[in-house]
Amino acid sequence: MSTPEAWPDLAGRIEDGIHLLPIRIYYEDTDFSGIVYHANYLRFAERSRSDFLRLAGVHHHELFEGDNPLAFAIHRMEMDFVRPARIDDVLEVRTRYVTAKGARLEVLQSIWRGDEELWRAKVMAAVIDQQGKPRRLPKSVVAKLSPLVRPLTVSS
Amino acid sequence: MSTPEAWPDLAGRIEDGIHLLPIRIYYEDTDFSGIVYHANYLRFAERSRSDFLRLAGVHHHELFEGDNPLAFAIHRMEMDFVRPARIDDVLEVRTRYVTAKGARLEVLQSIWRGDEELWRAKVMAAVIDQQGKPRRLPKSVVAKLSPLVRPLTVSS
Amino acid sequence: MSTPEAWPDLAGRIEDGIHLLPIRIYYEDTDFSGIVYHANYLRFAERSRSDFLRLAGVHHHELFEGDNPLAFAIHRMEMDFVRPARIDDVLEVRTRYVTAKGARLEVLQSIWRGDEELWRAKVMAAVIDQQGKPRRLPKSVVAKLSPLVRPLTVSS
Amino acid sequence: MSTPEAWPDLAGRIEDGIHLLPIRIYYEDTDFSGIVYHANYLRFAERSRSDFLRLAGVHHHELFEGDNPLAFAIHRMEMDFVRPARIDDVLEVRTRYVTAKGARLEVLQSIWRGDEELWRAKVMAAVIDQQGKPRRLPKSVVAKLSPLVRPLTVSS
């Protein structure tokens, strides 16, 4: 049966505040130039952010239900495309939440093939309501995320 | 300004009951084997079905609003992949509604490059409510679609 | 490190001739109507066909290299959409090769959520050369696939 | 027949160095949160860059053919997501090449709905060979692009 329990690694793993998610490159991810289509790295990165929240115990219904449902909205991304991925590659997305307070989320993400970095990004998101106004992260979400946040320090 | 009026052909055209929609093949549509990824023909076909309804004056809010919102749901597709499309090709999707009565919609679609047929499909859809139960097409939708339906006849 | 070895289940499993692949539903897979966009079931099915071949030891380079590279080309699909999938669902794709001889491949596929069938399809593919002509499956491919093929019988 | 001539606006227009491309939002572009999935703005932007080159007369085969085929490779993108797009919206992508010399291309892009800016990006690309090394833009490409480049000035 297709229960989550049958595939324990499906959502990846969080190790020391870093979420690791394996990604297989299929036909759908490539383009005729022979490499992965550039926008698809954002799909892979989003899967890892979603699975990070899943493993942290933060579920969509905590945001979407209630009188004025909230949503995560990305407002800025900066990304470097370092090396291309190809069909059949096994990649690993690494995701680290560096800020999660007030209405602000900051996430550092990178995609690796073995010890080669292929892509890295800085993602800035906010919690907004249905009118698009920034809202504070619900306390229950902060309580679950805080222990996993790894702020940037001078040396990192 | 990006008004629909500035791009009169954006939704294609209906000529004698057949909707014609041009499609340009971009990087995103191809895969590493050099041709269009097979699932993307379904995206092109859906664009044409949507634009057919748009030009017929049937809008999502006629289905989605109300106490028990309705939706179109595809329940079966049969399709033949005849020839592959490639980067930069200009294709044309042709869409013909052959049935639109009760809860049933049947659509014949094909995709052409000049006079070469690349793909064709038979699409069977239903109108369903939020509980997944079949519901009759709203009268306002039937009134708009009926003049454009081209039933199959013995000779067609 | 992102080695295939670190994620043993990444390509799913073949059990008694049936390939099982777990699929998580992410934002990218859904549309504004709240369910999985219909064309995406074809992406999930293709991942399972690719991983079936991967686990069988059939690699792209066995087809693509050589003087006249070969490719698998789908020429017909028939599919039923039975129930919709939604965000966060864990699905399982089941793939069974029923024919693999001459130039012909026939595959039966279905997608499940627990014990609910959501989608099923019959896929007919051929091996073709660069000129689009059907070619026999290379012997090395037949040797690897044959033990895994489960032909349809009267009772199945 | 599906000839480019039948759909004169299919590749958009270049007006005073700015490429304008209309984009209709279809089911495939949205996600269950009701808005356009963030990675899809990159697809829309790529369509406009491709059509800019098409209208400028720069074709893939000028890069891809020859002993050592060249390719455009994006190495960095910075983007702001300002407002969300929704189903049925008509958007307009605006693309301006601000640098095209040596191996470097810099492009400013934005996506509008009427007079509302929804998304904007700075795209840095390079011309690379099959070994991934930067190569100068072919002279024929520079000759076609130069008249359309609109460099940033102090006041722009």
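The letters A, B, C and D name the chains in turn, as written, and every chain counts its residues from 1.
By our rule, contacts are C-beta pairs under 8 Å (C-beta built on N, C-alpha and C of every residue); 3 or more make two chains touch, one makes a residue touch a chain.
This one's a predicted model, so the numbers in the text were calculated from it and none came from an experiment.
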Requested in this report: Quick one: point me to the chain whose Cα centre is farthest from that of chain A.
Outcome: B
Query - C-D against A-D, pair bridged by the larger set of C-beta contacts - result: A-D
Query raised in the report: Using CA atom averages as chain centres, what separation in Å is found between chain C and chain D?
Result: 34
Report summary line: chain A and chain D have mean C-alpha positions lying a whole-number Å distance apart equal to 26
**Report entry** Multi-chain contact sites of chain B, meaning residues that touch two or more partners
**Finding:** 27-28, 33, 39, 43, 46, 87
Query raised in the report: Within the complex, which stretch of chain D touches chain B?
Result: 1-4, 6-11, 20, 22, 24, 26-28, 43, 46-47, 50-51, 54, 59-60, 87-88, 90-92, 112-115
Query raised in the report: So in the complex, which bits of chain D are touching chain A?
Result: 33, 38-40, 42-43, 46, 71, 73-84, 132
**Report entry** chain D-facing residues of chain C, complex
**Finding:** 27-28, 30-35, 37, 39, 86-87
